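Across the two complexes that follow, subunit A remains constant while its partner is subunit B and subsequently subunit C.
Here is the complex of A and B:
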């Protein structure tokens, strides 16, 4: 009985193994032309030393735009799903507050209050120096989100504070999303084209644009992931 | 050797999605599959070159930066997928009080009758 239940799943795994194995064990040589081109031209074209951030904010910025939209929709969908889940009576609220108060004691509050801001500063460092060192918008955003979650662990003691923090994060996310789109369209105003770098070599270095986008993307990713985590933490989020 | 381990990781994830009855474990399986694909791309791209893709003066023979840039977005998308599916799992738990898909199915049939 047990085996009969599992048999279709195992068959699916076997078929998937046969289909995926040629992809995983591919012996074809990896093409080097694109790598050579990036190696030779990245610094003069974008000004960024970190080729990875030069690609996702310069050469393939359209990818980042799509990713930002997907993240935005995922946050909206998650909040919508969590919102409808259950009713919210007074007794339920009191139980919620009590359980969260019991789970984060004074030790947790003390440590998160001290270490959380340091994590936030580190996240901003990773974003700002993403053009020349390992890091960038997405990585800095993830660090920022962990700092936000860390602070929320000690700070959120009632449902009201959770809802207020979520509202603030949502505002930050929307504003940074609008800024991102404005930055991507700014090339059209200057005359270099959609998604293109509006700064030329003459007056402002083009790397300014990469750093600006890194910070905007980082704040957006940090706010979105922090918002998702706090929505999970707060449970059902009726006002 | 690396490819064997990554294929095993991918199949473990697929097995968790296909065989396991617990919704939370299915979501974890999705994460396993995503991680296997991300690691495969980064390892294949690092097959050429030796240095990290940061151009100091005189840096030559870097690894291919394109797979790394693509996988950055893939990681964020995987966070989105996990969050959304956990949201749906939470909703199901609120409705039925269990994460077991068999039990959810029997209760649905029971309600419809």
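Here is the complex of A and C:
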């Protein structure tokens, strides 16, 4: 074991220890005012029993908007790169198709076709009940994305089908992004303000808004992470 | 009696968290210093899974779900595909 080979790893460990040490040896008490305020007022203000959902879709919805925009830009960049590199030669396409045909046989197709839909249903459950039980849009979206990857592992046989599936996922993502922005602006139309809950003055429960946002965010996150994963699976190395 | 029981539970919980954290540190150090990349990816996955367990014990099930789905699942799929792609590129 030479020192020069291990030096980068040791340097990384040292830097991490230096960053984490003040947190471990801190004696000052954590601030509790905000925690107590959320604990006391969340249910009457947003209707959500899960405080985490109430924070990222209610109190800090602006941060969620920024996060959605970041994901959207990442997906746009991936699609751009893929479309530029998709016009490659016929021989390369044939080689790609052959290597992928050899790697996923009928057993993989059978199992992923059976298990994938179950994972998708579980993702929708995590999204829909995110207001009261652990989970929410981002977690449900990650579960949805793993279901999409599962199904794609069995069913993507040629590069053309991969590109088509990516286009479909991109359309889903664009539609859910527009819906998300419309939901955030709907408070202005009703009169409660930007990013505010439009249902808080009606006899409709305010939880409806949180659940709606959870589902939209979940579909958007699932579509974009699934798209990025399929792009990685289908993308060839160009030299 | 009730107070003693709850105090005992608290001590057991904190001890379990400490042991799990020690395991996580050991797995992460092994992932940094082992040469074989496939082993590194699997060690990182195991560390994320133990991290999800720690989050669950510490009453943060939301974070536990995210850690299990993203840290132990999706990121490792990404790493495995990247490893395969670099191997294929090397072969040509």
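Assume the second predicted complex is superposed on the first by the 202 of 239 C-alpha atoms of A that agree within 3 Å, B and C clash if a C-alpha of one lies under 4 Å from a C-alpha of the other, contacts with A are read in each partner's own complex, and residues count from 1 in each chain.
Everything below uses one rule, namely that contacts are C-beta pairs under 8 Å (C-beta built on N, C-alpha and C of every residue); 3 or more make two chains touch, one makes a residue touch a chain.
Worth saying up front: this structure is predicted, and the values here are computed from it rather than measured.
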Touched partner set for A:178, first subunit B, second subunit C, both or neither: neither
Partner chain(s) touched by A:111 [first = subunit B, second = subunit C, both, neither]: neither
Subunit B versus subunit C as contact partner of A:233, first or second or both or neither: second
Touched partner set for A:135, first subunit B, second subunit C, both or neither: second
Which of subunit B and subunit C A:149 touches, first, second, both or neither: second
Which of subunit B and subunit C A:9 touches, first, second, both or neither: both
Subunit B or subunit C, by number of subunit A residues touched: B
Which of subunit B and subunit C A:50 touches, first, second, both or neither: both
Subunit B versus subunit C as contact partner of A:225, first or second or both or neither: both
Intersection of the subunit A residues that touch subunit B with those that touch subunit C: 6, 9, 12-13, 50, 52, 134, 136, 138-139, 225, 232, 235
In the complex, subunit A residues that touch subunit B: 6, 8-10, 12-13, 16-17, 20-21, 24-26, 30, 32, 34-35, 38-39, 42-43, 49-53, 55-56, 60, 63-64, 66-67, 70-71, 74-75, 77-78, 81-82, 84-86, 132-134, 136, 138-139, 221, 225, 228, 231-232, 235-236
Subunit B residues touching subunit A - in the complex, by the definition given at the top: 3, 6-7, 10-11, 14-15, 18-19, 40, 44-45, 47-49, 52-56, 60, 62-66, 68-70, 72-73, 75-77, 79-81, 83-84, 86-88, 90-91, 94
Subunit C residues touching subunit A - in the complex, by the definition given at the top: 29, 32-33, 61-62, 64-66, 69-70, 73-74, 77-78, 81-82, 85-86, 88-89, 92
Residues of subunit A touching subunit C in the complex: 6, 9, 12-13, 50, 52, 99, 126, 134-136, 138-139, 142-143, 145-146, 149, 225, 229, 232-233, 235, 237, 239
